[in-house]
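Structures follow.
You will see two complexes here that share chain A, one where it goes with chain B and one where it goes with chain C.
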Partner chain A sequence: MKIFNIFPETVFSIGPVHITDTVITTWFVMVAIITICYLATRRLSIKPSFCQEILEAIIEAMEKTIKDILPLDPWLVVPMLGTLWIFIGFSNLTGLIPGLKTPTADLNTTFAYALISFSMTHVIGISTQGLKGYLMHYKEPTWLLLPFHLIAEVTRTVALAVRLFGNMLSGDMIAIILLGIVGLLVPIPFSLLHIIIGLIQAYIFGILTLVFIAGGIKAKS
Partner chain B sequence: MDAKTVVISVSIISAAIVMAIGGYGPAKALGKALTEALDAIARQPEASDKIMRALFVGMALIESIAIYAFVIALILLFANPLIGYILK
Partner chain C sequence: MKFNIWTLIFQIINFVVLLYILRRILYKPIREIIEKRRGLIAKTVEDAEKTKIEALEIKEKHQEELKKLKELQNQILGQTREEALKDRNKLLSEAEKDAVKINEKEKALFDAEKKRIESELKNKTLEIVSVFASNVLKDISDEELHKAIFRKLLKESGKIISDISEIKEKEEILKIYLVTAYPLPVDDVKTFQETLESRLAKKVKMNTTIDKTLIAGVRIKAYDMIYDSSLAGQINTLTIKLKETA
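Here is the complex of A and B:
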């Protein structure tokens, strides 16, 4: 185990495409999520089983959170944003399994997520109020603020990516450094903290995306 | 001391300074945000959902400053562009 692997390591390559360990862990996460959902939704019924009840509670919680912030039909956003939430949450927690690298502790992954969130903001803004109506929100208080709006578009996307990356990487690094110093039992509270931070960061990623979407929409009314 | 030693030692010291200063400000800001939010919840417990949500978003935005400092420290330590420039 390397002490500080900030950069992803190439495991094998197909032609010019390098398959890094991040990609393999991401595949692992996808398989895990799909398997859990398949097993839990195999026998759906009106009187829900335990697994079905948990899944329904998660979906309803996401729907309620979105409904509180967004003045739109929540099911416009739930499929995409819910996927982001669940996927980032699972990805953040994979670092707890020994031998696996957190996929979100790689800047490429988090930038991909941030680009998804960036394009989601514009697609939903344009599809709900038309291209012209959406572009109007850039001149919201006055025309003078237009450059700042444009800068904010870039910086907030970069900030989303770097925030997730930095949090997950720092959690991993703290665990590794403590493991090198003391070894037994002392890293456990920090791993527990890492669970909380991972879930909170997934939540925050989704909430910030939601706030950006709402910011593009509320300008009309 | 040759140029490489100077660059490396200055990078290490400045990474420590970056983390120290970059952690101080956000830590104070996070503490202030948390105390204000707790005050608001104590005064108005029925609004705690909204306050907590705003608190989370605000804390994420404040914390990102510390994260920027952390990333810059990491760049200085592990991906320093100046060392490659010196070695060339």
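Here is the complex of A and C:
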């Protein structure tokens, strides 16, 4: 059972600071992302190369998605949401590499992202319409719904974290269980499914964050 | 699964670090290049629009000019046509006038010619008539008739003499030229001479010549007075009279 441990383990500790394998994998993911982005954006020109075209298409797709939902300048949230999408997307796919654990299959990671999403919602809400204006949306449509608003704030954040965590952990678990039961080739279709699920979950995480932000802003109008 | 606060903190830090790095190496340059391209495209489109508008303006201008030119052309054409019509009418009226003039001239010429020819015809006719008459008279006349005429002249000599007497001539001898168609008997001449001398109380010298062209009868000439009783003279007188009457 030790071999197939899919839960995070502490690799080393510096005093009270425990560094788990999740954090180390995440660092690798970060290095990979930064390397790719650096190589892709080294030579940008008005007439794009193939690489640049793909990159621009991705960024413009993000921009368009945000523009469709948010009544704000899309570039206000493109870096944050884009990083969220890219980071979660890459993290979700690391599980496919043998020997590496999916960082998002750790509830601590997904909670960290959920907290970022939560704080993003409130920061953007307050910065675009002021603290008072932002808080006004909690009494919509009546004061009676204030408790439910507050509960929703917590539950939707928790749901965000748990949804991603559950999906990724289940994918890893299925792969390992099938590997243990039927051998080498059978888990491949499930791995393919895992790729799709990973990308979709990343997309869902970003879109939900976007919807929450939009919900906080639309209260104004 | 244990809750590990350090993992949470590290993941948040990781996210912030990645966000910062990606902002610098991904979003900023990509955004800049996209905006640059959009600006370029917008500028190109704007330029194209501008060019299009300019082209349209130029086209409109050209069309307007073309229209103006056409109007001018039509105007000039109309003017030319009008002038041509005027000229034509003028020419026509002039031609008509000329034609009338020419007609009149021709008519006058024709009339003159006609008159001339008529008069010629008349003269010719008269000539022919006189020639015919004189020929006829020549045929029918003879010495007897001549004598008869002379005798008649002698009978009427009173009138001749009264005419002659009116001529106040200082010459003593009155020269009388007697032209006769046939030779007259000397007696008759003498009798006539004597009659004249007695009546005028003047000496008379007779100068007798024969001229067949008189047909019959005599012609007497004294000074500038002529008394013609010959047939030729009669016919001549008649012809002149006829000419005058016509």
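Going forward, the second predicted complex is superposed on the first by the 214 of 221 C-alpha atoms of A that agree within 3 Å, B and C clash if a C-alpha of one lies under 4 Å from a C-alpha of the other, contacts with A are read in each partner's own complex, and residues count from 1 in each chain.
Heads up, the rule we're going with is that a residue touches a chain if its C-beta (ideal position, glycine included) is under 8 Å from a C-beta of that chain, and two chains touch if they have at least 3 such contacts.
Predicted model, so just to flag it, every value in this text is computed and none were measured.
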Query: In the superposed arrangement, which partner chain does A:V11 touch: chain B (first), chain C (second), both, or neither?
result: neither
Of chain C and chain B, partner touching more chain A residues: C
- request: Check the residue A:N167 against both partner chains and state whether it touches chain B (first), chain C (second), both, or neither.
  value: first
- prompt: Which partner does A:C37 contact after superposing on A: first (chain B), second (chain C), both, neither?
  reply: second
Query: Looking at the overlay, what does A:I207 touch: chain B (first), chain C (second), both, or neither?
result: first
- request: Take the contacts of chain A with chain B and those with chain C, and give the residues found in both.
  value: 7
Residues of chain C that touch chain A when the two form their complex: 1, 3-12, 14-15, 17-19, 21-23, 25-27, 29-31, 33-34, 36-37, 40
- prompt: For the complex, which residues does chain A have touching chain B?
  reply: 4, 6-7, 68-69, 159, 162-163, 165-167, 169-170, 200, 203-204, 207-208, 211
Query: Once bound in the complex, which stretches of chain A touch chain C?
result: 7-8, 10, 17-20, 22-23, 26-27, 30, 33-34, 37-38, 41, 44-46, 48, 52, 55-56, 59-60, 75, 78-80, 82-84, 86-87, 103, 106-109, 111-113, 115-116
Query: Contact residues on chain B for chain A in the complex?
result: 49, 53, 56-57, 60, 63-64, 67-68, 70-71, 74, 78-79
